[in-house]
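Reviewing the structure listed below.
Chain lettering (A, B, C, D, E and F) follows the sequence in which the chains are written, and residue indices restart at 1 in each chain.
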Amino acid sequence: MMDPNVKVIVDTVWVMITAMLVFFMNLGFAGVESGFARAKNSVNIMSKNFIVFAASSLGFLVLGWGLMFGNGNGFLGLEGLFCLSGADNSPATGDAYQGAYSAISWTGVPLFAKFFFQLVFCGTAATIVSGAVAERIKYVSFIVFTFIMAMFIYPVVGHWIWGGGWLSKLGMCDFAGSTVVHSVGGWAALAGAIILGPRIGKFDTGQIKAIPGHNLPLATIGTFVLWFGWFGFNPGSTMAADPGAISHVAVTTNIAAAAAIMSATIMSWALMGKPDLGMTLNGCLAGLVAITAPCALVSVGSAVLIGLIAGVLVVAAVMGFDRLRIDDPVGALSVHLVNGVFGTLAVGLFAQDKITGTATGNGLFYGGGFKLLGAQLLAAASVAVFVFGAAAATWLILKAVMGIRVSREEELRGLDIGEHGNEGYAGFQVFTTA
Amino acid sequence: MKLIIAYIQPHKLNDMKQSLYRAEVHKMSVTNSLGCGQQKGYHESYRGVPMEVNLLRKVRLEIAVNEDFVERTVEAIIEGARTGQIGDGKIFVLDLPECIRIRTGERGGAAIG
Amino acid sequence: MKLIIAYIQPHKLNDMKQSLYRAEVHKMSVTNSLGCGQQKGYHESYRGVPMEVNLLRKVRLEIAVNEDFVERTVEAIIEGARTGQIGDGKIFVLDLPECIRIRTGERGGAAIG
Amino acid sequence: MKLIIAYIQPHKLNDMKQSLYRAEVHKMSVTNSLGCGQQKGYHESYRGVPMEVNLLRKVRLEIAVNEDFVERTVEAIIEGARTGQIGDGKIFVLDLPECIRIRTGERGGAAIG
Amino acid sequence: MMDPNVKVIVDTVWVMITAMLVFFMNLGFAGVESGFARAKNSVNIMSKNFIVFAASSLGFLVLGWGLMFGNGNGFLGLEGLFCLSGADNSPATGDAYQGAYSAISWTGVPLFAKFFFQLVFCGTAATIVSGAVAERIKYVSFIVFTFIMAMFIYPVVGHWIWGGGWLSKLGMCDFAGSTVVHSVGGWAALAGAIILGPRIGKFDTGQIKAIPGHNLPLATIGTFVLWFGWFGFNPGSTMAADPGAISHVAVTTNIAAAAAIMSATIMSWALMGKPDLGMTLNGCLAGLVAITAPCALVSVGSAVLIGLIAGVLVVAAVMGFDRLRIDDPVGALSVHLVNGVFGTLAVGLFAQDKITGTATGNGLFYGGGFKLLGAQLLAAASVAVFVFGAAAATWLILKAVMGIRVSREEELRGLDIGEHGNEGYAGFQVFTTA
Amino acid sequence: MMDPNVKVIVDTVWVMITAMLVFFMNLGFAGVESGFARAKNSVNIMSKNFIVFAASSLGFLVLGWGLMFGNGNGFLGLEGLFCLSGADNSPATGDAYQGAYSAISWTGVPLFAKFFFQLVFCGTAATIVSGAVAERIKYVSFIVFTFIMAMFIYPVVGHWIWGGGWLSKLGMCDFAGSTVVHSVGGWAALAGAIILGPRIGKFDTGQIKAIPGHNLPLATIGTFVLWFGWFGFNPGSTMAADPGAISHVAVTTNIAAAAAIMSATIMSWALMGKPDLGMTLNGCLAGLVAITAPCALVSVGSAVLIGLIAGVLVVAAVMGFDRLRIDDPVGALSVHLVNGVFGTLAVGLFAQDKITGTATGNGLFYGGGFKLLGAQLLAAASVAVFVFGAAAATWLILKAVMGIRVSREEELRGLDIGEHGNEGYAGFQVFTTA
């Protein structure tokens, strides 16, 4: 047995560094979302993506953490609710742990390390919403919604799955957050996109109009950063420097992304005649989202399959949401919602018990029958109902109270001038006809 | 022949293309421009410093047509660009003594369309 | 004096500058423009949505010349810009009653060059 | 009516807007343009390859005015744009037979201002 | 007691990785500064921000390190001055250490690890100057100044505070460098901005003119990178993988940034009617600068307060420097100088003895009286006098010898063409009227 | 002796984190290459740089790894060729290791950690090609070539030098890959650039025409990211958290970059009258490439010299390739090929035996005579012959089978529209005359 102090140190170093990488994903989201939007809204999108993490940081500290990890019932945390105020003797683990946050006492790092790592995940869920509501939402309403996300919606689901709640008790397993982070963000985004309605011009004339993004190089940079950050997101979710697990997760994560890039590119090549860069980028993210839940629970071969499927799904979904007249400027729904759900189910299909140590039982394809798959399905469904419902309610209340959509004039001229009084690219000649 | 120059609101460009097509005017040139007119512009502040923006984004059209097309073109522009609000823009009509199609060397009315 | 306006394919600009220099036309103004003409444009798709692009990138030239330079200028433009393919562009020639050189205040033909 | 076109140095735009306001000319359209004139341009090198830049940044103005405003407008432009150095630019004055205000449909002199 | 070899290894890994993050901040500064400037000067700003770290690397190696950490008197290092040439038996620590650089022998990592970590801090101080003198300074003069900064000005102050000099002996405490790095950079920048004078057009007509930045998305990307890098800057300053300390510092650092973002945004919303993105970004940086000194010495609650104040200060300062007719295109003074000083004093107010192990005594608000606050005040004042004086002298000499400002024609056409013969965005239509 | 488990853990953490940094270099390459190209090709370049790592990931997994590290003869790996299928008992090292990949059993990390680290290196070699063939190559042909690179060309050379092949047996030493990665990429790029021919307009009129890059800020951002990533590339190549070695390598790597930045800038200043930003950036990369092989084998002083020389070489090479009428839009040949070769030879000149532990014998300048230099020369030469030959053959076959160059019309209008149907900067006014 190795020196326990050393283990705490190395685990903490690993958790902190991977958490920093996940934090860095905020830059990635900002790049992707503003790159896929129009120049006249670039400042607004940057502002949203920037302030969203500030709001999450405050909201998750004040209440979110407590609701998510506080000892409580199957649905909510109840102990040490506010500002990490609960008793805690971290890094003590297992039975040695005494405190208000037992659900996360399996990892032997200081409380603040746990908090910081969980905080960056909360921020990710909140930022996903930003993309789907882009180019038309009121800045202030978005900020308020972000607080609701970080303080209530995200932590409640988090409690169910990672906080010792009812879903975890049913054996549902979401290793790094395909459901907890991505589909939670996705369902909230869907509610927002539907309630806001499409951007002016998107579906006006009956048929679907393309609204090209203003800076695809920026979107590409953003996607690279997200891919990079995912090496914190997934391998870091071990919350311990376990050599076998972290290297396995890094490889499955990367190969799923690679496979999805290929299948999404080929798919768009086939369907549209040319390989659309936007689809290639969305494909990468789709693969990463899909492998997030299973990354430590499946083999490298399964990861390739999961990636290939994710890449096909995302292209179909982007086109599908347009057909459904749901306007998602950056493809956030196709990436995070659709593939968050798929990744969650993929665990039920491809999981191999203890492949990196985590006991999950086998998935359907490995003789585990429907037990695990059932739990995953139930989780996906119940999260859908709760998050979509809660988010829709929140959006509708905000709509009634303060309004959530900018005026037609402002939308036409651009939210940069309207909401911020700034121009994204002062001096540049930009056609703002669309 | 006449050369018609029009300044319109950027977001009306698509409507105007439609109305021009309906008037069977298919050829045009578009540039973007900054305009200063009745529309007084707006006040913003950048890093705490107030700034008055009085050059607003406009789109400039140039359409060369034969005499008999002038009126319908002007009407089509008005139809497509008009909102009734300040800032709608202007149309200027100039005489166009000569027009040449580079590809064929054709001159005059034949080269316009 | 005349004011010559020409729309040409962007990638022909350099050739045309050469041919104008050979014709001893050294002064000009260039802006970029979007044009819609015989050239039908092209179909693309963005994120799975088909889009029809019918405003193509063009370069717009403005050259003010004295009467005796008009023809050679027009020929130089044609020589430099012509490919024989649809999209080559157009030349428009307007009357230019007055021209002033800001630096010296000179007026008329003297100010052109 | 006349259509006044002027090419000036970009950094003189603000001065010129001032002098035009003083001359009570409040309406104008501005585009940016590249110009080639007396001003010979400059030599640069990019990654070791010498390049001659002879298309310099200019600002293009278009101002439509009634006859009685022509002179004061021209003078205002000169006052605002002049530095006495090569590159100051040019003013071109064209006849403007017709002008229409899109918002109201007004025509002629009434529509100019 | 844990295996000492292991401790050296883990500490070195931590120090090296956090140092890399701090290095990465160079990208952040480049993005923020060029984004807030005009397109016609973007190449010049990128060049300055790029070469500044090269110059610092050489200058700090040749002399800076020796002056800063060499054994010497209270004011200067004297031993092993040049090129790390002094005797040294790192990673030996404490009494076991024998060598020329005793002041930094408290950390048990190899000499080169100490050097690399300190080097990236030196580079940060030098790069701060770049923003305040942007859009008008001669490239060559800036390079020369950078060498002076890295070889003399920065190391001298560094010696006073981190090199065992007189201020450290007085009990002054600057955990990660609000003074040593940020206010040193800030005072040098102030001297430069004053001596250079404002950009053409900024204050010409008597009143203040706004000169909008050309690429706010780039500025936002840059700020995200700085925020990311700060997780190296502050937690890394433990120079040891101490689980409790590094997780505490990460949380205080992040929450201060979040609080400052909020207060700066609300402040600009209130004062200007709209939330200016530039102010939100400056707010983030202000919070990070302010928490740099106290990050390991104060509670999370205090960190929130410090952040809130920093956000308000930065907005007021940006507007204030304009009123004073001091032209700082990117807000470097408001961020690094004003909040560097504030952060230094905040230690004297909010410090709680040994909250993460470092013995500081309590600050004023925690019953420590004026002792610590006094030391912090004295440090802030003496650094102000020395750095402003030394920098002003340097700028004036450079002005006399080689000139420091480009010609009027060059400034109007842009420094990209004038100084480098490049265009930042070849082919793009950019209005260069302002 | 320290606890072996701990060593495995810390080494794995180090290897994984540095590998992530190397992965991040993909963003850097994308930024540099698209920034130096024209706006009308920015989407295509981003697409190439994005998909290249996906293709490498799949290709290296399927076959590359096995060819490179599988036990075999001096020229090829033969055991466990496909999909890491060979027997392996990593992290066992030395004699304790039993498996198909003995050549890399010197590092005590899990197999997947070894694979992930080697994969990101393979990706780098493949991506180097992208820059030299930019703005004219067919997307599909580039993708096919990338698979060939990752599955055959790169692994074969890798086997010779890092896989226990004939060159390693001759005592040739390439610590982090000046030859294995950079000159391999460079030779393949040279073959491509020659066979493709220059871009339309580059050499048409007999003399050389400048084709300015469209976004130098983006190119600068990219270079910063590469510099950052190199701290993973070089220090990570220890594949063990050896405090002395990693800190030494970080310092030599950084100082060589700094020196090269200075010499390249001064050189371009002298030759062209002004300091060209592009040359400064290329200088940085040149220094990094040149120090890649010697980083752990030479002193800091030698690193400065190597950097200075690299900076001069790269400027001369950029101008030289133009004279030779070889069109390399981004300077990839001057950076990776010329300095990859130089760095390899520099080991033979400046190496000091065991300076960080690796036994190389001394270089020429340290009394080691021509032994080491000879091995380095032989390696450089044989790699040149093999890679240039293999790559040229591949390009020619692709040319015959599917064509490798886009049509004249497409090149004139831009590959973004032609190959992808996208615009990089929709709405922006961009002159596409050149």
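Everything below uses one rule, namely that a residue touches a chain if its C-beta (ideal position, glycine included) is under 8 Å from a C-beta of that chain, and two chains touch if they have at least 3 such contacts.
This structure is a prediction, so every number in the text was calculated from the model and none was measured.
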**Prompt:** What is the set of chains touching both chain B and chain D?
**Reply:** C, E
**Complete:** Min route length, chain touch network, chain A to chain F, equals 1
**Prompt:** Taking all residue numbers at the chain E to chain F contact, is the shared part over half or under half, that is, same or different?
**Reply:** different
**Request:** Determine which of the two chain pairs, A-B or D-F, is joined by the larger number of C-beta pairs in contact.
**Result:** D-F
**Prompt:** At what distance in angstrom does the C-alpha mean of chain E lie from that of chain D?
**Reply:** 46
**Item:** chain A and chain E, separation of their C-alpha mean positions in angstrom
**Value:** 33
**Distance between the centres, which are taken as Cα means, of chain C and chain B, whole angstrom** = 18
**Request:** Report, in whole Å, the distance between the mean C-alpha point of chain A and the mean C-alpha point of chain C.
**Result:** 52
**Asked** When you check chain A against every other chain, which residues touch at least two of them?
**Response** 3, 6, 10, 13, 17, 212, 215, 221, 272-274, 276, 278, 421-422, 425, 428-432, 434
**Asked** Which chain B residues touch at least two other chains?
**Response** 31-32, 44-46, 94-95
**Asked** Name the touching chain pairs, would you?
**Response** A-B, A-C, A-E, A-F, B-C, B-D, B-E, C-D, C-F, D-E, D-F, E-F
**In the complex, chain B residues that touch chain C** = 3, 17, 26-31, 62, 64, 94-103, 105, 111
**Message:** Under the stated contact criterion, what part of chain A meets chain B in this complex?
**Reply:** 412, 417, 421-422, 429-434
**Complete:** In their shared complex, chain F is touched by residues of chain E numbered 3, 5-6, 8-10, 12-13, 16-17, 19-20, 23-24, 26-27, 30-31, 34, 42-43, 46-47, 49-51, 53-55, 57-58, 61, 83-84, 91, 109-113, 115-116, 119, 139, 215, 218, 221, 419-429
**Request:** Using the touch definition up top, name the residues of chain B that touch chain E in the complex.
**Result:** 44-51
**Asked** Once bound in the complex, which stretches of chain E touch chain A?
**Response** 2-3, 6, 10, 13-14, 17, 21, 38-39, 212-217, 220-221, 223-225, 227-228, 231-232, 235, 241-244, 246-248, 250-251, 254-255, 257-259, 261-262, 265, 272-278, 280-281, 284, 300-301, 304, 425, 428-432, 434
